[in-house]
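One chain, subunit A, links the two complexes that follow: it is found with subunit B in the first and with subunit C in the second.
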Partner chain A sequence: MSPLAFALRGLVRQPGRAILGIAGIAATGALLFDMLMLSQGLVVSMEQLLASVGFDIRVTATQATPLTGPPIVGMADTVATLAALPAIEEVVPLRLGEAQVDIGGRSREVTFMGADAAVRRPWTLLEGRDIDQRQDTGQPRLLVNQNLARRLELAPGATVTLRGACTANSSVPPTVFRVDGIAEFPFDQASQLTAIATLRDFARACGDAPADGADQADLLMIASRPGDGPTAAVEAIRSVRPDLAAVTNEELVARFQQVEFSYFRQISFVLATITMFFGLLLITVLLSVSTNQRLGEIAALRALGFSRRRMASDVLWRSALLVGAGGAVALPLGLALATWLDALLQTMPGIPANLRFFVFAPRALIVYVALLAVTITVAAIYPMRTVARLPISSTLRTEVIG
Partner chain B sequence: MRPATGVGAFPIVEAREITRVFPMPAGPVTAVHGVSLRINPAEYVAIWGPSGCGKSTLLHILGCVDIPSSGSLLFENRDVGALPDADRSDMRLRKIGFVFQRFFLLPMLTAWENVELPQAEARIARDERRSRTAELLAYVGLAHRAHHRPSQLSGGEMQRVAIARALANRPVLLLADEPTGELDRATGEQIAELFDRVQRDGTAVVIVTHDQAIASRAGRTLVMRDGRIEREGTAG
Partner chain C sequence: MLITRQLATAKGLSVGDIVSLASTPDGNSPRRFRVAGIYEPVPDPMRLAAKRLEARLHLPDLLSLAADSSDPLSAESVTAINVALTDPADADAFARDVSAKIPIAQLTARAAQGGEGTATVFVVLDRFHFAIAVVTVIASTMFLLALMVMLVEERRETVGILRLIGLRKSRILLQVFAEGLLIAAAGAIVGILFAAALQGAVNAFFQWRYDTALIFVRITPQIAWRCVLLAVPLGVLASVVSSWTLLRSNVLDLARR
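== the complex of A and B ==
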């Protein structure tokens, strides 16, 4: 009988205790796995989200977040200058503001954006047709997100009145927009209402005079040329416009990782450590109790010629079986728990709905397996020591007297 | 002290002036005091004496599970005290069989598996294990109970399985510590007959007992008192 089979039979002998151990590890393991997914989840998710948009560089007037700092003035010249750089494939200027959309007596405050996109678009058209700054049909056109379409029962072809609130104290007459389509915006929050128009229509709705407001952008989204890559493109931007703040997706993620996401990393580290500690304690206690109940049997096996190493390895195998089985059950449990927690956290204000807190990554699984291996070993140390140091003769005597 | 000797010139075990002292809170207790003896091949020795006289301690030393505080023990001419624990374990596995008063069968294994276990530990090939296990269970009269667990066996049957387990790796020495202590007289008699048979088949047997009837079956009886061999007698 192999040591593994022997340990398995030993565990099955006390099914209640074995199930308790496996259930305990399944619960703590699920939490541990979730914490490992959380520790890198936001970073991985942010990387995926930024990459999914199709732009790998963002340019603002200063290091400040868009809307909290000044806009880029002289937008047309800037776009032309940057688009002419060999390392850059496309530049999409964006304006950000707020607006009130009215239809049939119903009204909603929305995030209002303006963008001139040629090839790539920082949104995905779901229904209807896209807006295009090259087509001036006279009537301003608009894309709305699904939330807004649902709230105001909008479909492509609908007409709405939009009152822009793009600058402080702005007071402009309402503009009538035709809804051309429904789109998904990757950085929308769960309940965010969003509408987007071309820059020309955005300026019209915001009442921007060409001399001041129309030729500005809050953000330039840039796609580097595949052969050159974002780093070379950013260097090129900095060389021609050192006054602008250009960051690659990689730099942006690193910045988030150092500041905003570090709290989650710390929380996940603390919770993972506590969780692992509890799992370790549970298995140590179960193995120790089981070992102490079998001292006579162990002494007899030692007397029959079973070596110290063999008996200690039996304890280690029992630990491996309990932790291994519990750890395997923990994976689907952890994934289910992560899905539920993600759904809860995504409703938090200020969090893009497409951002995931718990992301499965091979690294998380590797670390999880490594931590389980540590748990198996550390939990078995004390009972293994008890077995290895067991005095055979006096234990047999005690068992007979007892 | 003159060694208690058997007839053979080459003993399996030879104890030379062995003493075993246990440190206790109330002061050291000497369980075995200056004992010398030899166990020869195929010899049947009973160690008899009242409870607490050091019989089991002596048996454990002879079986290499304990080491004397002083004196020396030679097993097949090897100084047991000089051997590392792993070598002593291997010696017990391959050369010595143990039978305990409380059987100590593994409850989660069947009779067959209990007998097969020491053979697997000794890395005996599977086919050989199977034939040896079948042979041993038939030898102790339990072939029909091979797939029963200890909880499904009577006390006498459990002790028979324990004897089969002890013989699994063809030991040269079988040690039994009060093997009939948990059994009624009739069943104890059957177990004693089984030990007689084991000895007749060529294995040296040392039985520790406080039952004079069991001790009288041995070819040689060592009477112990207060950790010493008080006298030695022979059957008949």
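== the complex of A and C ==
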């Protein structure tokens, strides 16, 4: 009989303790797997989110995040200069602000944006038709997100009144917009109310003077040409406009990884280490106690001719079966647990609804399997040593007398 | 002006130094200020990863520094006005009165409660850590049961002999219960002492990592009691459940006769 089959029979002979051990390993393993998913989850999710928008470069006036720094002035010239670069396929200027809307007799804040997009759009149209800066129909038009449409019972063709609050001390008269469509914005928070208009209508709602306010943008979203790639496009931007701050999605994610997401990386590292240590300790205790209870049986087998190596491999296989079975059960358990934990963390303010904290990635699975392999080996070292050094005759005598 | 400890460290500033500040990125029209003191900013979990490079100026100094010559109102504008009430319990009523009696569209009056967003972040993190704790307790309980089943198995013959010499099942169960209670209580106390010893290291690591005075881990008496109230019944339950099958077995089977 092979050592694996022998170890398997040993575990099956005592199903109660084997099931409890596997259940404990499954719970610990699920937690470990979740912490590994959390360690890179936000970064992977942010990468996916940024890639889904369709633009791979963002340009601002300074290194500060939009709205906290100054806007890009002379927007029209800047857009024309950058759009003329061969490495760039499209430039979409964006303005970010706020507006107030009355919902149920109370004034509610709406994230209000302005954008002039020709081909690519940093939003997904769900219903109705898109806004287009090339069509001037007289009445301002906008797109709203599903939250705002639901709260105000808006459908394409309806009208909505916004009070632009795009700058401090803003006191412009309300603007009546026609809703052209309902759109999904990738970075919306779960309950965020969002509306977007063309830059001209945005400036009108914000009361910007045509001389200055209308020719500025908080952010330029840029799509590089597929053949050139974002790095070449950023270099081209820096060569013609060194005063602007241009970052690729990759650089943005690296910045987030260093600053914004570091808390969850640290906490996942700490919790993964504690979980690993905890699991290792408990499996070692389980195997050691189990081996100590089998000393008489092991000594008898040794007396029958089983080698030390064979008996030590039996312990190792027991460890592998326990940890392997528990680890396998832990995967679906961990995915279910991650869904629950993700829903908990999603309620945190400032988190886009499409951003995930726990993301399955092959790397997490590889690290998980490697950690289980380490656990199998390390947990079995002490009981294997006990088995290898077991004195046959004295153990048998003690067992018989006992 | 006052500057944060982080800004002082980053720029090598100390009390008495003269610094130039400008309100525009190009640094035009700078004004000179003397560093009168260095302060530790109030820890804010919402800005945990942000470098707290901040300075505090007298309001007239800030207004004159940031004033826009094309906007006469800019020298008379502030972002917020903080009001301290004689009785803080009146905050909500006062906020309602202000909103009703000062009809300025952009004016919002609300009771300060430590920042709505900040409180929510704490609540969410608390729930997250509680969920992790629940999973850890489930895993521990499984392991504990497995261990107790093994240990009880080891005492099979002892229990058989005790039954043979006349001890009743309830008497043995009481002994198991007392043993479980003692072990669980000792385990809970050791666990709390270990956590208390470790909290300093965890706080020191995260405070160093994020350059903040924020306290990340604090073992309060309430948390310690919660641990004891959870761990002791679980330990006792594991002892009793694992012993129960043994006590139901035949006496001669237990004694292996």
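For the reader, a short list of remarks on this structure follows.
Going forward, the second predicted complex is superposed on the first by the 396 of 402 C-alpha atoms of A that agree within 3 Å, B and C clash if a C-alpha of one lies under 4 Å from a C-alpha of the other, contacts with A are read in each partner's own complex, and residues count from 1 in each chain.
Definition applied: contacts are C-beta pairs under 8 Å (C-beta built on N, C-alpha and C of every residue); 3 or more make two chains touch, one makes a residue touch a chain.
Keep in mind the model is a prediction, meaning the values are calculated, not measured.
Applying the stated clash criterion after superposition on subunit A shows that subunit B and subunit C can sit side by side. In the superposed model, A:30 makes contact with subunit C only, not with subunit B. The superposed model places subunit B and subunit C at 80 degrees from each other around the C-alpha centre of subunit A, with the value given to the nearest 10. In the superposition on chain A, A:341 makes contact with subunit C only, not with subunit B. Judged by the touch definition given at the top, the superposed model places A:290 against subunit C, while subunit B stays out of reach. After superposition on the shared chain, subunit A has more residues touched by C, the comparison being subunit B against subunit C. Of the two partner chains, subunit B is the only one that A:13 touches; subunit C does not reach it. Looking at the shared chain after the overlay, A:393 reaches subunit B, while subunit C stays out of its contact range.
Once the two complexes are laid over each other on the shared chain, residue contacts for A:309 go to subunit B alone; subunit C is not touched.
When the two complexes are overlaid on their common chain A, residue A:124 makes contact with neither subunit B nor subunit C. When the two structures are aligned on the shared chain, A:350 is found in touch with subunit C, with no touch to subunit B.
Closest approach of subunit B to subunit C, taken over C-alpha atoms in the A-based superposition, is 11 Å.
Judged by the document's definition of touching, no subunit A residue lies at the interface with subunit B and also at the interface with subunit C.
Interface residues of subunit C, counted against subunit A in their complex, comprise 24-25, 46, 48-50, 71, 73-74, 77, 79, 105-106, 116-117, 120-121, 124-125, 127-128, 131-132, 135-136, 138-140, 142-143, 145-147, 149-151, 153-154, 202, 206, 209-210. Residue ranges on subunit B touching subunit A, taken from their complex, read 22, 56-57, 60, 63, 65-66, 85-86, 89-94, 96-98, 100-102, 104, 106-109, 113, 116-118, 120-122, 165-166, 169, 177-178, 181. Against subunit C, the residues of subunit A that register as touching in their complex are 16-17, 20-21, 23-24, 27-28, 30-31, 61-62, 69-70, 163, 165, 168-171, 259-263, 266, 270-271, 275, 278-279, 282, 285-286, 289-290, 293, 337, 340-341, 344-345, 347-350.
Only residues 1, 6, 9-10, 12-13, 296-297, 300-310, 392-394, 396-397, 399-400 of subunit A touch subunit B when the two sit together in their complex.
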